[in-house]
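What follows is a pair of complexes built around chain A, which joins chain B in one and chain C in the other.
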Partner chain A sequence: MKKRMRDLLTAVTCTTLALSMIGCGSSGTDKSADSGEDTVTVGLLHSLTGSMAISEGSIRDAEVLAIDEINADGGVLGKQIEYIEEDGASEPSTFATKAEKLLGEDEVATVFGCWTSSSRKAVKQIFEDYNSLLWYPVQYEGMESSKNIVYMGAAPNQQIVPAIEYLLDQGYTRFFLLGSDYVFPRTANMIINAQIDAVDGAEVVGEEYAAMDQTEFSSIISKIEAAQPDVIINTLNGTGNVSFFKQLADRNITSDDMMTMSFSIAEEEVQTIGADILKGNLVSWNYYETTDTEKNQEFVKAYKEKYGEDRVTSDLAEAAYDAVYMWKAACEKAGSFDTDAVREALDGLSIDAPEGTITVNGENQHISKPVRIGEVKEDGLIYEVSATDGPVEPDPYLTTYDWAVKAGVQPLE
Partner chain B sequence: MKLLKKNGYNLCFTVIVIALALMPLLLLNGFVKSTTVLFLGKCMAFAIVAIGLDLIWGYTGILSLGHGLYFCLGAYGMGMYLKMVETHGKITDFMQVGGLTELPLIWKPFLSLPGTFLMIFLAPLVVSGLIGYFIFKNRVKGVYFSIISQALTWAAYSIFIALSPYTNGNVGISQIQSVLGSLRGPKNEGNLVTLFYVALVVLILIYALSYFLVHTKFGKILIAIRDGENRTYFSGYCVSNYKNVIYMLSAIFAAVAGALFVNFNGSITPTQMSITYSITMVIWVAIGGRGTLIGAVIGAFLINLCEYNLSSGSMAESWQYIIGLLFVITILFFKGGIVGIVKDQIPALLQKRRSRAEKEGRDHQPIPVKAEE
Partner chain C sequence: MNLLFNGLSLSSIILLASLGLAITFGLMRVINMAHGEFMMIGAYTSYVIQNLLQTWLGNSGADVGYFLSIIIAFAVTFLIGSLLETLVVSRLYGREIDSLLATWGISLILQQAARTIFGTQGVLVTTPKVLSGSIRIGKTSLSMTRLFIIALVACCLLLVWFLMYRTNFGRQMRAVMQNRSMAQCMGINSRKIDNLTFSIGSGLAGIAGCSIALLGSIDSTVGQNYIVNTFMAVVLGGVGKLLGTVLGSSIIGFSSIGFETMTSSSIAKAIVLLIIIIFLQKKPQGLFTVRSRALDE
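The block that comes next holds the complex of A and B.
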């Protein structure tokens, strides 16, 4: 009897468990983008846990700030914005699952999200299949354009190419390329190699890749010392930067001995690495906290008010903030939240952003934006040392650069 | 009652299968969203890896912390086939960026679907066979095996990232459709339903095969190895061969699961090969209850559905604490996992209470009974 009881119990409980599991999987909320209510729902898809959480948190904060501001100002097309947050957990396949959930289950009007190229590529097909728009706020390696992604960050010709041009102008001739081993540094260095090859008298004296979580750089630093470059092009990402610059400093190598030009160090990274170590080094972005525009003063003030005085704004946070405003402007121009209508409205659309006036290029859905070379100063902020005259048109495939066409850096198709 | 007693686990599995089989019908009637069905598809793939892990850990006592490797072997193979369907057999964009001008030899077998299927079996078979042969022949066991399995997976992970012209580094293979074409949107619901049933059939076959296996003499020997490896040696069995066979089988299960997963997911990255992810797979089995097969299935479904539902909205930042707490409690207090709770803990509790009640009845003592415990 006891034994029978036990087995009966096993079966019954397993059954309930199985049913509840499946039930809990299907308990989707029924929110429609154009439901005729006075709210419109958007999705925020960033890593809130895992190794990318620390970086992606700040761009998520910027997006929430923009949404709150727009809501306080009366919303979009008379509707208040509601957002559903999903955690990508720093894992591309989770990003795919969550994108699926936002678009298929929650039916959001649009999604702001992603940071790493791998997460963007993992969700790209999903956005294309659902014909929705992803607002991607990060500078990236280019060689991509999808009609379902708006690339708010810089394409290579809006960050990397002008930075190398600047260095060549300044008389640097021996370049050392150092990067983390993933797609952005690999592609960036492919472009830089092609660009420098086309210039007489300039050469790449070395190219090294470090593992993503590498913290030991002494052998790489020895190679750098042996190659005697006059500038290091640094595309290291994340924690690698901290160790690399600290170990450079330990060997008493400063920016006076060897200049570095970094593409992944913004204000937040300066805070973690330490301004005393980084001071004098160069970076290349489209925006700095110190950028002198009226819009930027408002943005920095609002950001610090909401999240604390010790927080800094960065190019990435600013691009994410712009994305929400750009979406609002496009919806208002289109008079609808429909993806096709919004996309059509995007072509040539301009807004006044903290970095200056930015315009969508309808052909590749990238943004034309100004490029600024900056120098890290003792106070931990980055100050502009050179800037392009006006915005630079995005060219993700570098088709307008002779050296790039000659070197064949374009992908297939 | 006798039927239930003998087949409690199977009955439970049948219930899960029926519930899953009903999902596409509910989808066609509009009761569930296609995203739910798609996610359950991924969960079935996870359940298959979990069954494989249960075979080696729950039944044979080999704790592998590196099954992500085999999962990825299957997933990359399938993913590469699907990618080359998109490029019509030409080289892919990442190969071109990496400086390759023609398709590397290792990807040639994946140009055709039968070739891909063959490789999905062969690749994990060869890799796990070699690893298993050297490790088990040398009688490496217990925690040492776990450490080696972890190290090997880490090495493979690094190789997959370093060989970016061949594997696209840490971006992995993305922008692919399933074998049947796109799974999204109302007009592709047919594809989704078909693929879902294919996955369900595979899950049933793998469960049935495993169930059959653990109830044969072979299965009994596995259990004997788990409970007393030296005694099994002394009884005249070549333990290392048994271990190797079951290890290879579970590697193949993982690869099959990976191949199914990539169809549902539309991308595969080396993250699935990382140590963290491999340990996550073990956790599914631990939570569900090892050595029962059904526990692995329940664990895989339950943990993934919990993660899926908890990690959004207001819980987005704190969900990992909740799941972490669940793990800790299960591991500390309920060694048998969920199945153990249902099968042993609850009946034991009931029995204790009944015997106490009987005792009190005998003693005729009017002690007030505590209301609830």
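The block that comes next holds the complex of A and C.
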């Protein structure tokens, strides 16, 4: 009697479990992006708080602007875009948790997000596991190509290498490398070291790293003064830039005494640091607010209309804006939101962007884009002083550069 | 020479930031995690005052505004400190861990409030004309803002010393902190003293906030960058002694700059921490200790 009772119980439990599993399965398919509803959900994953919020806020705004424009225009494949926003809080581990949530729980079609390389590296595995696409809008150190990330920003050969070539052309010979202590500046400086080593008569006279939240730069500035470089290659990120340039100005050092070439200062940062301090200094990007294309006039106008006249656009914001349009173009070419189909459609896909025509290189999922060296002017905007003839093909591993191959430039892991 | 000035300058910044803490934590034993946020409030105060005066008086207003804002920042953080003491801290005296958690919570609230009011984008205080640029002596350039901060910290230090050791209030304050029940027996209103002491400590943080506004951008996390150094300075110096805090900040300031010049800034940070850990192993009470007859020590 007792035994039969237990058997009955087991049977009941098994049935309930099985039923609930079926239930789970069906509710899962209901939520997927392709279910015939009239909306498609995407994720936005940026730091809205913490030290990176100052930078990531503007690229988030550019993505929202693109989404709104596309929705007003009829959406993608006839569906309106909805977005779920998560805060990475400037913390790579938080980025990972939130990516997991967006892909696993919300089942978004794709995600636009990240800024720092550490946050990208923290979520890379998750996107590969879920086989989803991350649209990464920031210039970065290269040495990576995941089939689950589309790199909308510049690879080193589309920002760093041309900038150093420009400086060498201009006759600069003594380089001082200063950066925040994380993967982008370290890799960038490894590349620059290799590039300068290959040139006779040019040398790197010093290399320093500051903590991400460092506010005290007096001893670094003293070291720079002692090394007497004629140009500082600056890869500081976030608020460190403000302290560094302010303290440089306090010591009466201007661009006439010591030129700086920065890879992380765009229009937004110029606003924060102050144009009077930065004027005359050089930067290297693919796009400036002043870039003269028809598409850019529309973009700048729309951006300022939505977020206020005092807001500025930047390379990062532009790349983020392009990312949404590139995704739309790929979905339409593929006729589907499915990751594999979208990826297939990406190869060779071109769109007309504010920076000019940009094309996806299907092999490494980077973008071929024009490179522009710019100078900060008193009005706080950046003006082009030199540019490449046309788009530059992305080469994240620098395999087409003899000096890089010879020096054995490879990823820092 | 360069090294000396840089070290002196960093020490003075740490000292200014720790002075308030030397009072709230050093004397009152309140682990005030919101100390950094009081600095943030001070920094934002000078931003707001400067902008207000700039719109009223033009560019000269911005310069006057900055100096004026130092006093106003003191007043503002003094009042907020007083409020915080009455509402929260006074209920948690003697419960150090509880007050740590409570003030940490408050620091998060204040940070979020700053984000809501001023946004996440950092804001800038314009350096007054008088303080921009630098003086050159031989090979070293001494920046005016740093000289100003050194002067400011000297003034604050003198004032605090005078207040603590040369006034009746200071005597009462030290009496309450050293032996509360005895002081109460002597007719001292210890509630009032507690409140004033905490407020003064908070006010000093406000002044420190004005000075760090000259060095970089202000955002909601600006106080966080200093909080660890300030606690270290107070603990290293010996909790409860003003001179200890001065020495503690100098040790941290000079050794940071020294090691940074020899190695790199990330390694310097580690070395300084290591030195402090070893030091506190040998002398857990810090450089100076207050001899007290209270039974709990």
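Methods note: the second predicted complex is superposed on the first by the 379 of 413 C-alpha atoms of A that agree within 3 Å, B and C clash if a C-alpha of one lies under 4 Å from a C-alpha of the other, contacts with A are read in each partner's own complex, and residues count from 1 in each chain.
Here is the rule we go by: a residue touches a chain if its C-beta (ideal position, glycine included) is under 8 Å from a C-beta of that chain, and two chains touch if they have at least 3 such contacts.
Predicted model only: the values in this text are computed from it and were never measured.
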>> A:Thr272 in the overlay: touching chain B, chain C, both, or neither? Say first, second, both or neither.
In response: second
> Which holds for A:Asp250: it touches chain B only (first), chain C only (second), both, or neither?
Replying inline: second
>> So in the superposed three-chain picture, is A:Asp181 touching just chain B, just chain C, both, or none of them (first/second/both/neither)?
In response: both
>> Under the stated touch criterion, which partner chain does A:Leu48 make contact with: chain B (first), chain C (second), both, or neither?
In response: both
>> One more residue to check, A:Met212. First (chain B), second (chain C), both or neither?
In response: first
> Thinking of the overlay built on chain A, is A:Lys223 touched by chain B (first), by chain C (second), by both, or by neither?
Replying inline: second
>> Once the two complexes are aligned on chain A, which partner has more residues of chain A within touching range, chain B or chain C?
In response: B
> Both chain B and chain C contact which residues of chain A?
Replying inline: 48-49, 181, 211
>> Give the list of chain C residues in touch with chain A in this complex.
In response: 2-3, 6, 9-10, 13, 115, 120-124, 127, 132-134, 141, 143-146, 212, 215-217, 219-221, 224-225, 256-257, 260-261, 264-266, 269
> chain C touches which residues of chain A in the complex?
Replying inline: 48-51, 53-54, 57, 181, 208-211, 213-216, 218-220, 222-223, 225, 239, 242-243, 246-247, 249-252, 268, 272-274
> Which residues, counting only chain B, touch chain A once they are in their complex?
Replying inline: 1, 4-5, 8-9, 11-12, 15-16, 19-20, 23, 26, 31-36, 38-40, 42, 87, 90-91, 93-94, 96-98, 158, 161-162, 164, 168-172, 174-177, 182-185, 265-269, 271-272, 277, 294, 298, 301-302, 305-306, 308-309, 311-313, 316-317, 319-320, 338-339, 342-343, 346-347, 350-351
> What does chain A use to touch chain B in their complex?
Replying inline: 2-11, 13-15, 17-19, 21-22, 24-28, 48-49, 84-87, 89, 91-94, 96-98, 100-101, 103-105, 117-118, 121-122, 124-126, 129-130, 143, 181-183, 186-187, 190, 211-212, 411-412
